[in-house]
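Next come two complexes, and both contain chain A; in the first it sits with chain B, in the second with chain C.
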Partner chain A sequence: MKKITLNHITKVEGHAEVNIQIADGIVDQCHVHSVEGARHFESIIKGRKYDEITLITSRICGICSCGHTIASIQAIENALHIESTLQTRLLRELVTIGERIRSHASHIYFFSLPDYLGYGNAVEMAKEYGQEVKDCLEIIRVGNQLIELVGGRDMHPFVPVAGGFTKISKPKDFLRVKKELTKILPLIEKTVTLFAGLSVPDYEKPDTVFLSLENQKTFPLHTGKIISNTGIEFPPEQYEEFINEYFEKGSSAKFATIKGKEFMTGALARINNDEDKLSPRVKKLIQKLNIKLPSANLFLNNLAQALEILHWTDRAVSILEKADFKPEPIKKPDFKNGKERRGISAIEVPRGILFHDYTFTKDGILKKANIITPTVQNLPDMEMNLKTYLNQILKKEPKKPKEELVLEIEKMVRSFDPCFSCSTHFLKINWTEK
Partner chain B sequence: MPKIYCFGNEFIPDDDIAVLLANKIKRINHFEFIKAESPMEILAEKEELWILDVVKGVSKTKIIDNPQQLKLTHSLTCHDLDVGFYLKLLLETGKLKMVRIIALPYGEKNINALEKEIVKILKKK
Partner chain C sequence: MNKKLKVGIYGITGCMGCQLNILYQKELLEILDAVDLKSFPVGKEYNIHKNLDIVFLEGVVVNKEDLEELKEIRKNTKMLVAIGACATDGCVPAIKNFIDNKNIELSVYEKEELKKMQSLDPMPIDEFVKVDHYIYGCPMDKTEFLQFMKNILFGKAFKPYQKPICHECNLRERGCLLEEGVECLGPVTFGNCSVMCPQENYPCVGCRGPYDDANFEAYFQLLESKGIPKKTIFAHLNRFAGVKFKRMMDKEMEERETAH
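For the complex of A and B:
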């Protein structure tokens, strides 16, 4: 029995470990465990009034704070029957687009790209690839500007609340950020070209279930039903009938399957399921670069993230071209009906579908909450992919050095762009060979 | 007007002094003091960057302008991408030519005395 321990898989969000056991040259066990302390956000918000919850749940993640903010607000509004205005919905789109730009650009350039170019980290890579890193820093800067413009600050936005926005920036500031977004479009096109040109492993898991939100009109973000490439379809309110959350011994993260099977959610799932709704510029680039979609090669998730940066920047520019945002009154809930109420929200965040499910007392006090992050959903699929991929490598190269195998494992984990901090949640790898 | 980004956390006693100084000083000569909310704020700067922060191992207020003295923390996740990480990238890519850190001694609490020392340092600039 061979046992390999990778004490830390770095350059992912949070801390986790992977245990791999190989018997007679075949991987027979692969487990990914979060080794972070449990965070109990669902309990922390219990007993809080509806308008105190969002600022707390935003703290689940510094990277996806906008996503958690909007998912939380939508769940509250669904429960308390607050109908948002079109302006509010557009502003919510903009704040999450800013976050999408920042999160994807940081991950693909700082964490994934060094793997493919042969560097230990982004600072080492910057010595040779200075222009690429400069492009990335500029994309991140502009993404931040957009979040700050709409959300009040670039992390943990406090301006979006249930019922609307407490402050609207000045028109000249919307115009300034629109110009900045337009200016980074060529840099993002270069990013897509760079990632499309990387030599990714020739690997596919053909039966992968790709799960995403689906909105009939636009590329999915905040609304729609949940669909898969295998024909699964359900409204977010029925998530408990389809998605099974469970714990595994030794892990502080939860895991999720759909009807008993692992699935993938995130950029590649969204693009595989909804390629036709990407912006014309993205479609043209996919054609020009001969990118084959849909794909079951999850190493292409980072390319999908680059495509999404382009799509969402196009979308932000198009919203800002038509927008004339003005202050609106904050809509308040009506507690007259005296009933307990439940609201469920499912939105697409950088790493996949995020669920917030709240039940309130008749007075608007939170009684029960359930939050399912994308990494929780991706963990079983990550385990299955690691097992399948390693077996594929070992079949071709049974004597492949352990160090090289470890790098392949890390590359695969980073392709998923997991956030262990949020799934409760650095990666330590224990490898056993018989 | 050159900006001096003041980093720290006003709720952590040993890390609050630069932020308290930003609140108090606002401006010295042509320098504007900005309370930095996020490490990514420095991405907007070109050529030269000024920072005010508490530095361990410094016994009196001084300027640190040798980038080799910046220690890079081990970045494991996006949650670890701190000012040091972005500074190294900005210097490595040439977007920034110079970083000047006004280093405040760790544990020093006399805000008026620190202000006087900063005024003295900036008068020469």
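For the complex of A and C:
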């Protein structure tokens, strides 16, 4: 048995490891493990008061700290029966939209694009594709401005709290950011065109289950039930009946399946399941560029992310056009009824569905928590896809050099945009050949 | 022009937010142009880990792997800069030091898996290696990072900011949250963050760690007069820099005892 270890697949968020076992030219096992140190979030928040929880759970992830913030707030409000105002809900949308713009733009340009254009990193890529890198930085900058405007800071925002916002920015600042967002629309259209033009591998996993949130009116973000392309449908409160979480040896992240089967969540799942609700500008561009949707080619996840940047920028502009945000008092929970209370929230974050589930004592002290991040949900599907894809390649080209296979593996992993902080650093590949 | 500084950017266990904050610097391209970025595994494919001049390190030591990596990084750089609360103060993962460990681990991870992960008590990096400079905050303060880069690039010494949050609140004429009865950690926390949180009506959470000349006794007296129980404040001090706050409090108490 031959064992080869390839260290340091880079350009992913966090620390992970891939173990691949090849016997008689066929990949028979493939495991993706998070080797990120365990931080025990669900335990360290126990015993804390309801208004301290979000501050801590936001730190699960720097990339989607806004997502964790809003999911946490909604779970608290659901548990403690705090009803948010329309203004609060719109402002929360703006916080996660800002993060969606920044996260997708940095991922597709910095981490994925160099793979397709044949560069080791965005800095090298900048020598020939300087304008693209500048476009990306500009999109990120404006996304960050939107978060800062509403959240107080562009990472780990603290202004959104259970019950409302500690401060509302001035109208002139909302206007300034609206103008900035309008200005980047052409850059985002260019981004979509660029990613639609990349030649992605001809690969599909036809039976993929795509899971996303769905509501009657809008492209999903903070509300709705959970649905799939295969007919699964359930409200967030019933997640435990459908989603099983389990441990795998050597991984500090958990894994999740739905009724025993792997599934994909994230930008491609959302667009596959809910294409009609995209903004008119996005729909027009899909038609113009002849983008075929839905698609079971997960390499198109990066293109789906580009489409989402455009959709959410449109949405942010339309919220800001109608906005007349004014300071509102922060709603406080009422602890008079003296009962233990549980609240569950499921929202769409850049990489898929995020669950926060809290139980509080009658006095609002956290008793029990469960948090399921999108990467945990995507890991089993990533394993299955890697296995299927590598075997498809090996069938056609049994002698394909290992270095080229590694590049394909990395491309695929990065298409998923995994975030192993939430659930990986250097991705390490261990090969075992029999 | 002199030879460019050889820079590495690394992360051990953490949320990656501080490394991303480098990527999100408005001056990113200028900074990258001014240095020789030898290593940045989050953002680049080929990395050289040896003979570095400066390493910026994010993250907290939570297991043996983190510790080994930290020691390896220290060995290979002339200057080590801790960026963000995880590296400087232990941040929220270090809350674990203040609660019953057994309860934590058994509720989330299976015993056998845990042994393999060789977890340690979460600690800031200066617990294990020499740290030359600190850039505080959760996430790391972008302005402070930029100040640091400018100083280094122009060959000037970087002096840490030596005043508490309250000093800046006063300068900005932001009224006192403690006066309003809100649990604010401003008097005992390092400033230089433009009092970001109090400015937005959110109390200081102590994410920049303990201010060197903090007077804890006077602080606790003030809290008591406002009806804020000590227990609440201890729980708040534990969140971002618990290990270091505790050490400072213990030191102050010892000094008082010797003085008596």
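Please note the rule applied: the second predicted complex is superposed on the first by the 428 of 434 C-alpha atoms of A that agree within 3 Å, B and C clash if a C-alpha of one lies under 4 Å from a C-alpha of the other, contacts with A are read in each partner's own complex, and residues count from 1 in each chain.
Going forward, a contact is a pair of C-beta atoms (placed from the backbone, for glycine too) under 8 Å apart; a residue touches a chain by one contact, two chains touch by 3 or more.
What you see is a predicted model; the values in this text were computed from it and never measured.
If you put the two complexes together on chain A, you find that chain B and chain C bump into each other. Residue contacts after overlaying the shared chain place A:M155 against chain B and chain C alike. In the superposition on chain A, A:E42 contacts chain C only, with no contact to chain B. In the superposed model, A:H107 lies in contact with chain B only, and not with chain C. Once the two structures are overlaid, the count of chain A residues touched is higher for C than for its counterpart among chain B and chain C. Contacts of A:K127 after superposition on the shared chain: chain B is touched, whereas chain C is not. In the superposition on chain A, A:T182 makes contact with neither chain B nor chain C.
In the superposition on chain A, A:F247 makes contact with chain C only, while chain B stays out of contact range. In the superposition on chain A, contact of A:T361 is made with neither chain B nor chain C. Residue overlap on chain A between its contacts with chain B in one complex and with chain C in the other: 8, 10-15, 62-63, 102, 106, 110-111, 121-123, 126, 133-134, 137, 140-141, 144, 153-155, 421, 426. Residues 8, 10-15, 35-44, 46-48, 52, 55-56, 59-63, 65, 102, 106, 110-111, 114, 120-124, 126, 133-134, 137, 140-141, 144, 152-156, 158-159, 161, 166-167, 247, 249-250, 252, 421, 425-426 of chain A are the ones touching chain C in the complex.
In the complex of the two chains, the chain B residues touching chain A come out as 37-38, 40-41, 43-44, 72, 74-79, 81, 85-86, 88-90, 92-95. Of all the residues in chain C, the ones that touch chain A in their complex are 11-21, 23-24, 26, 28-29, 32, 37, 40-47, 60, 62-63, 65-66, 91-93, 95-96, 99, 103-105, 107-110, 113-114, 116-117, 119, 122, 138-139, 196-197, 200-202, 205, 235-236, 239.
Residues of chain A touching chain B in their complex: 8, 10-15, 62-63, 102-103, 106-107, 110-111, 121-123, 126-127, 130-131, 133-134, 137-138, 140-141, 144, 153-155, 421, 426.
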